[in-house]
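See below for the structure under consideration.
To keep things simple, chains are lettered A, B, C, D, E and F as they appear, and every chain counts its residues starting from 1.
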Amino acid sequence: MKLVTAIIKPFKLDEVRKAVSDIGVQGLTVTEVRGFGRQRGHTEIYRGAEYVVEFVPKTKIEVAVTDAMLESVIEAIQTSAHTGKVGDGKIFVFALTQVVRIRTGERDASAI
Amino acid sequence: MKLVTAIIKPFKLDEVRKAVSDIGVQGLTVTEVRGFGRQRGHTEIYRGAEYVVEFVPKTKIEVAVTDAMLESVIEAIQTSAHTGKVGDGKIFVFALTQVVRIRTGERDASAI
Amino acid sequence: MKLVTAIIKPFKLDEVRKAVSDIGVQGLTVTEVRGFGRQRGHTEIYRGAEYVVEFVPKTKIEVAVTDAMLESVIEAIQTSAHTGKVGDGKIFVFALTQVVRIRTGERDASAI
Amino acid sequence: MIKRSKGLLLLMSALCAPLAHADQLTAPALVSADKLSAGDTAWMLTSTALVLMMCVPGLALFYGGMVRKKNVLATLMQSFGCTCVVTILWWLIGYSWAFTPGNRFIGSSARALFGGMTYIHDDAGGKLTVSHLAPTIPESVYAMFQMTFAIITPALIAGAFADRMKFSAMLIFLSAWSLIVYAPIAHMVWEPTGWLNAAGVLDYAGGTVVHINAGVAGLASCLVLGKRLGYGREAMPPHNLTLTLIGASLLWVGWFGFNAGSATAADGRAGMAMLATQMATGAAALGWMFAEWFSKGKPSVLGIASGAVAGLVAITPASGYVAPSAAVVIGLSAGVVCYFAATSLKHLFGYDDSLDAFGVHGIGGILGALLTGVFASKEISGVDGSLLTQAKGVLTTVVYGFVVSYALLVVIDKLVGLRVTEEQEREGLDISLHGESIE
Amino acid sequence: MIKRSKGLLLLMSALCAPLAHADQLTAPALVSADKLSAGDTAWMLTSTALVLMMCVPGLALFYGGMVRKKNVLATLMQSFGCTCVVTILWWLIGYSWAFTPGNRFIGSSARALFGGMTYIHDDAGGKLTVSHLAPTIPESVYAMFQMTFAIITPALIAGAFADRMKFSAMLIFLSAWSLIVYAPIAHMVWEPTGWLNAAGVLDYAGGTVVHINAGVAGLASCLVLGKRLGYGREAMPPHNLTLTLIGASLLWVGWFGFNAGSATAADGRAGMAMLATQMATGAAALGWMFAEWFSKGKPSVLGIASGAVAGLVAITPASGYVAPSAAVVIGLSAGVVCYFAATSLKHLFGYDDSLDAFGVHGIGGILGALLTGVFASKEISGVDGSLLTQAKGVLTTVVYGFVVSYALLVVIDKLVGLRVTEEQEREGLDISLHGESIE
Amino acid sequence: MIKRSKGLLLLMSALCAPLAHADQLTAPALVSADKLSAGDTAWMLTSTALVLMMCVPGLALFYGGMVRKKNVLATLMQSFGCTCVVTILWWLIGYSWAFTPGNRFIGSSARALFGGMTYIHDDAGGKLTVSHLAPTIPESVYAMFQMTFAIITPALIAGAFADRMKFSAMLIFLSAWSLIVYAPIAHMVWEPTGWLNAAGVLDYAGGTVVHINAGVAGLASCLVLGKRLGYGREAMPPHNLTLTLIGASLLWVGWFGFNAGSATAADGRAGMAMLATQMATGAAALGWMFAEWFSKGKPSVLGIASGAVAGLVAITPASGYVAPSAAVVIGLSAGVVCYFAATSLKHLFGYDDSLDAFGVHGIGGILGALLTGVFASKEISGVDGSLLTQAKGVLTTVVYGFVVSYALLVVIDKLVGLRVTEEQEREGLDISLHGESIE
């Protein structure tokens, strides 16, 4: 099993969620994050004091998937989160050694 | 070493924290997240415009543990976070290739 | 490839960001988290009701790096986030099985 | 009360045809427009606006900031909804039952739907009705001014049952309470035919009618409703004391309309009432702050704000009767006493008066009502106070208010149920009751 | 309007040298200081402060809480900026065009830069100018009071084009609108030489001049500007209804200055206007709340607050003309009608009146203006209402206001562009236009 | 100042037994109740409420929104705590030292604990004391009105030492400052026996006494305390400008009580003062906004709000002396000058006047005081202004205020320490000093 983590542009969240649901993903977890990268932040000025806000708001999505589904999920995220402009974000894939569903105690594949 | 990540119901945080402390966990990290899954969200209506809020507030707990403690920690989380109702959440386990304690520079097991 | 995750003191964020940029890190992702560990929280009292806030605000940094850069990045974070006081935080390293740049579809090393 | 403008009236009557003195009225009456004082009317129009501001947004914010984030909108909704409902009830019958002559316990229905309350344009003679309780201002203004008191009183109760009462049940309860508890008590204490008024009970601006009354109703409701889910186990810190401090500040400012407005005139008595209000509030806020500082080690924003409100509550019955220095004493004691009431009393007895409606308004109101008997100055008010008479007023209100409120709640619980479900309480009232949430 | 103080004036004139009655004035005039009423002046100074409070912070918060977090500061900026710009324009020429005698459509330039508006110190004779529309208060106070109306009206329009208009373009539009639309309409309806005033159109406090006017301008602007990016697709829930409720509450409180202040005196008519305002607001808030409760299953904070504002809007033209019970009817209908206007109408026609400037102020204003013709009481106001005459006023304003606003917007769009870029709208106006953000 | 009601008084005295003219008083005196003007009293009661609202919640929010989230409650606490402490000090001795006749530098102790300030009920003759500075309103009202000025002045200083001063040390400093700096300066400038008053220094509502005074004390405190931890290195953006805008708006609204209230009457002079206040504020806000827009490329919410406050500050000494058009000029210059003062001056000299107490109140106050000398109109005020005389008042206040404040701070630092520890500052004052935090 793998955990697919994607850092995307916030306003893309709904599209991505739909995209992965469509290919059978049952659940995912979302975190508001701030990103630093090629995409530039902005400058704020308060009474003459300038603050360069290097970080841009991003949304992080985590989806646990079976190895079988991995590629299609990556595919779905990449196309739905894509705008072609700098700052579209990244997808990171990790190996999951175990998954447990708290409610039932089910483990691994059946717990996803 | 492993990193145990659990997505739980927010009001269960204290119980879970106590449960893992009791079995000797020294520290953990908590993040507010939003979850999408079998548990339904709610609907908000503002002047006739309906918004289906698919995401439900969840709390994410991350605990780095030695392989030896892994099972007991999973056990502790699963029982303390359990309500039996849909939405109880998931536990994900990852392999940790390294751990460093910033203050001392200690590495791995001793750094946890 | 590896993902380096560091839990640091919030006011250290800028220093750490500079430190890793200096050694060539192109991007990173930041999350506000709450930490529980050796560092004590504080107590709040509202009309006689005492609340022990066990958690202290922390900042989580995630940096995807090539294996080649791993050590230097850990090194950079550890020195820049270091105050020597309890609560400096931890660095966790995970193996990354895949990385994708959403904008271009590039994969792995070139996507970081 | 005899008005400052009497001199002027006399002067005029000396010139014009002699006319009955406004202050001889024993019931609302139609008078010629030039019997009014524009100055008094100006101040009472202003006072009305100030007292409305106390409830919305003042009280709404004071309470809203103290609850958990998931309940803030529901808490604001309680104050706002109460404002709207009582407005209608006051017009329906409340004003008439409270402020028209009647029997010893309740007024007549003469002013139902504000019937008979008139203003006749100058072209048609320039007459209008005035209340016998405020002969130099239009009755419409007096009815509005008193309406704002009728509005904020039930809204205060909500502090005791925050976070767990159904909005529907609350509307039913507050409506019934406003008519069955508030109106009669207001009549007994303030209308000359009321027996407590006749008995000489002093309540300048509502320490008894408003605060003790709301306080004991609050106690009744937290007893009937029970504690909040997880009370004592889960942390329930105020989510945003910025709102609470804005609320406390607007309460303070608005209270000038409440107390100085109760002079129903822009005169020296109003000035004394305002000054006493300010002194007591400052003293009480410091009293609470230092009591907390010494006993807990830190002065808190919630503490100083609560202290200010405690002082405002305690000086309410006394303002207009006492000198500034007496006000300082009243305020100081209110700050310290209410500090212990709010921080210890409820934990001692174990009821969940969530936002201390009883601890601050009940206790502070009782303290103020009694001290009014001690400090009332004949020079300022023309009357002497009596601890015993005051105690009579307090006791009547405590017993009547508590018993009837308790009964009402039990009945409504049987009929529609008072409390939200466990899931609703867990999810928060904002989403579960109102389908809204704040970011 | 003949004042309460007439009696006093008579009395004095009987003693002093006979002097022209203030109420015979047909243009601003210099009078002796003792012709003023301190009571009326006190209330009008207060009313001015109350109406300014309606716009900042009242309206600013009412709107600010309804937008998304990324646009809240920009929304506050619209109200605040409008306040400053209109202040200058009113001094420049606005007041003169609106409130000095002129032709049937617009006033003269006699008071440009407030020229001729004087106060002469007692040492030099103690004289000052008064407006023929408010002879018992200083002209400076009347001009200030009316300025606050001129300020809030364009600020109301912003609700329709929230989240997408350039701040620069907005300043240009509101400035032009204030002079080309507001001033003439105010003159036509309120200044005796204005043709609608002569025609007998009743508008006590601005249902036509302020609300219909702003409402149709809002409709025009959301038509010209088009919908918000992602409208209908993306969720755009209000980010913080706490602010909206504070705003609604301050609007309610301040509206007493708006309506009761329009009596330009502290008299019985002002009292009736205040009472009517309160009754209508309470009834409208409940009307909207229950309409929503029944149709959607939950009463919302946004709903009850919107209902209150709808009631305030609808009673604005009627207050001072109608009895309290009539006000309840007007309010109730306004609550229900505006509920459907705001929740269905715009979705029906598919325009994006983001914060319902038209749905609440336009519709509510029209309803109120017409019902004023139905419920106006001769006893209270000395005049009879006529549905037809009212309709004439409504139609004129709707047509003139809509057409000119639409034209203005199209022209300004050509000149400087009305709308922000897609990136700016996406990032949020706070950062993109003002370089600021809230935590 | 001779009152509008003089005409009426004359009329009455012509009829009744001749009585001394209120305006001949040189010290507080006992007068018959019918010597008062209900209209003037109504306005002064209102003004008092408005000025209190300026400090809490107005100033508290204006400052609270500008600090970092971890310090917002501590900042609110500074304003609220100051309000309570000064209330007690004013009663203790402050009022007496400031507003009773004494020597050239300070008043007598005749009114300590408000002793001798009386109101005698009509039954006992209907007499009361009035101040020689406001003979047509009760002395209690005048003392309350002036108390609100004494309250907000030290609260303004807090803007300079935000985020780093101990709450305990602040209470000690502000208390001492209120008695040793505020009271004497108020006496010198406003009480006839004060030498600056005798010298003809014009300060209608406190440009010198309040703003210059607070501004230089602020400068002294940020010099003594030093910079905030991480100043210049770490970002310290305002955490929530919504609060700041609410605060600025309430300051604006409340300032009508401050300036127009300083007429101590509801007359034409008050009207002129209100109008001048509005014009200057609008002009200053636009001045700052455009200055920033041109120099930095964007108009900001913090900018327009700061500009409004700068205008209010600058017009404070001039209102009541100048015509509306002069007010526009004063406001515009204040907006532009303070913009540069707040954005460049402190970076130039490198002191950390955190919220620009000196940059806005100090500079704006000095500018306004001097321009009052230039624009004062004899027609309106009965007196001519003199730049030189004004400069004398400014200089005295700057030197006295700065030196004494500096000395006080150094002494208190020695005694109890002024500054929090580094850990406390890092963690935030809300938690470290008050044990509270906002979500």
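Annotations for the structure displayed:
Convention: a residue touches a chain if its C-beta (ideal position, glycine included) is under 8 Å from a C-beta of that chain, and two chains touch if they have at least 3 such contacts.
Worth saying up front: this structure is predicted, and the values here are computed from it rather than measured.
Between chain A and chain B, the least number of touching-chain steps is 1.
A straight line joining the Cα centres of chain D and chain F is 32 Å long. In terms of their C-alpha centroids, the spacing between chain A and chain E amounts to 48 Å.
Distance between chain B and chain F, defined via averaged C-alpha coordinates, is recorded as 53 Å. Counting partners per residue, chain C has 31, 44-46, 94-95 as the residues that reach two or more other chains.
Among the residues of chain D, those in touch with two or more other chains are 37-40, 42-43, 46, 238, 246, 266, 296, 298, 300, 302, 435-436. Going by the touch rule set out above, the chain pairs that meet are A-B, A-C, A-E, A-F, B-C, B-D, B-E, C-D, C-F, D-E, D-F, E-F. Chain contact summary for the complex, chain E toward chain B: residues 235-238, 296, 298, 300, 302-303, 306, 342-344, 347, 356. In the complex of the two chains, the chain F residues touching chain C come out as 230, 234, 426-427, 431, 435-437. Residues 44-49, 51, 53 of chain C are the ones touching chain D in the complex. Put simply, chain B touches chain C in their complex at residues 3, 17, 26-31, 64, 94-103, 105, 111-112.
Of all the residues in chain E, the ones that touch chain D in their complex are 2, 4-8, 11, 14, 37-40, 42-43, 46, 50, 69, 238-242, 245-246, 248-250, 252-254, 256-257, 260, 265-272, 274-275, 278-279, 281-283, 285-286, 289, 296-302, 304-305, 308, 323-325, 328, 378-382.
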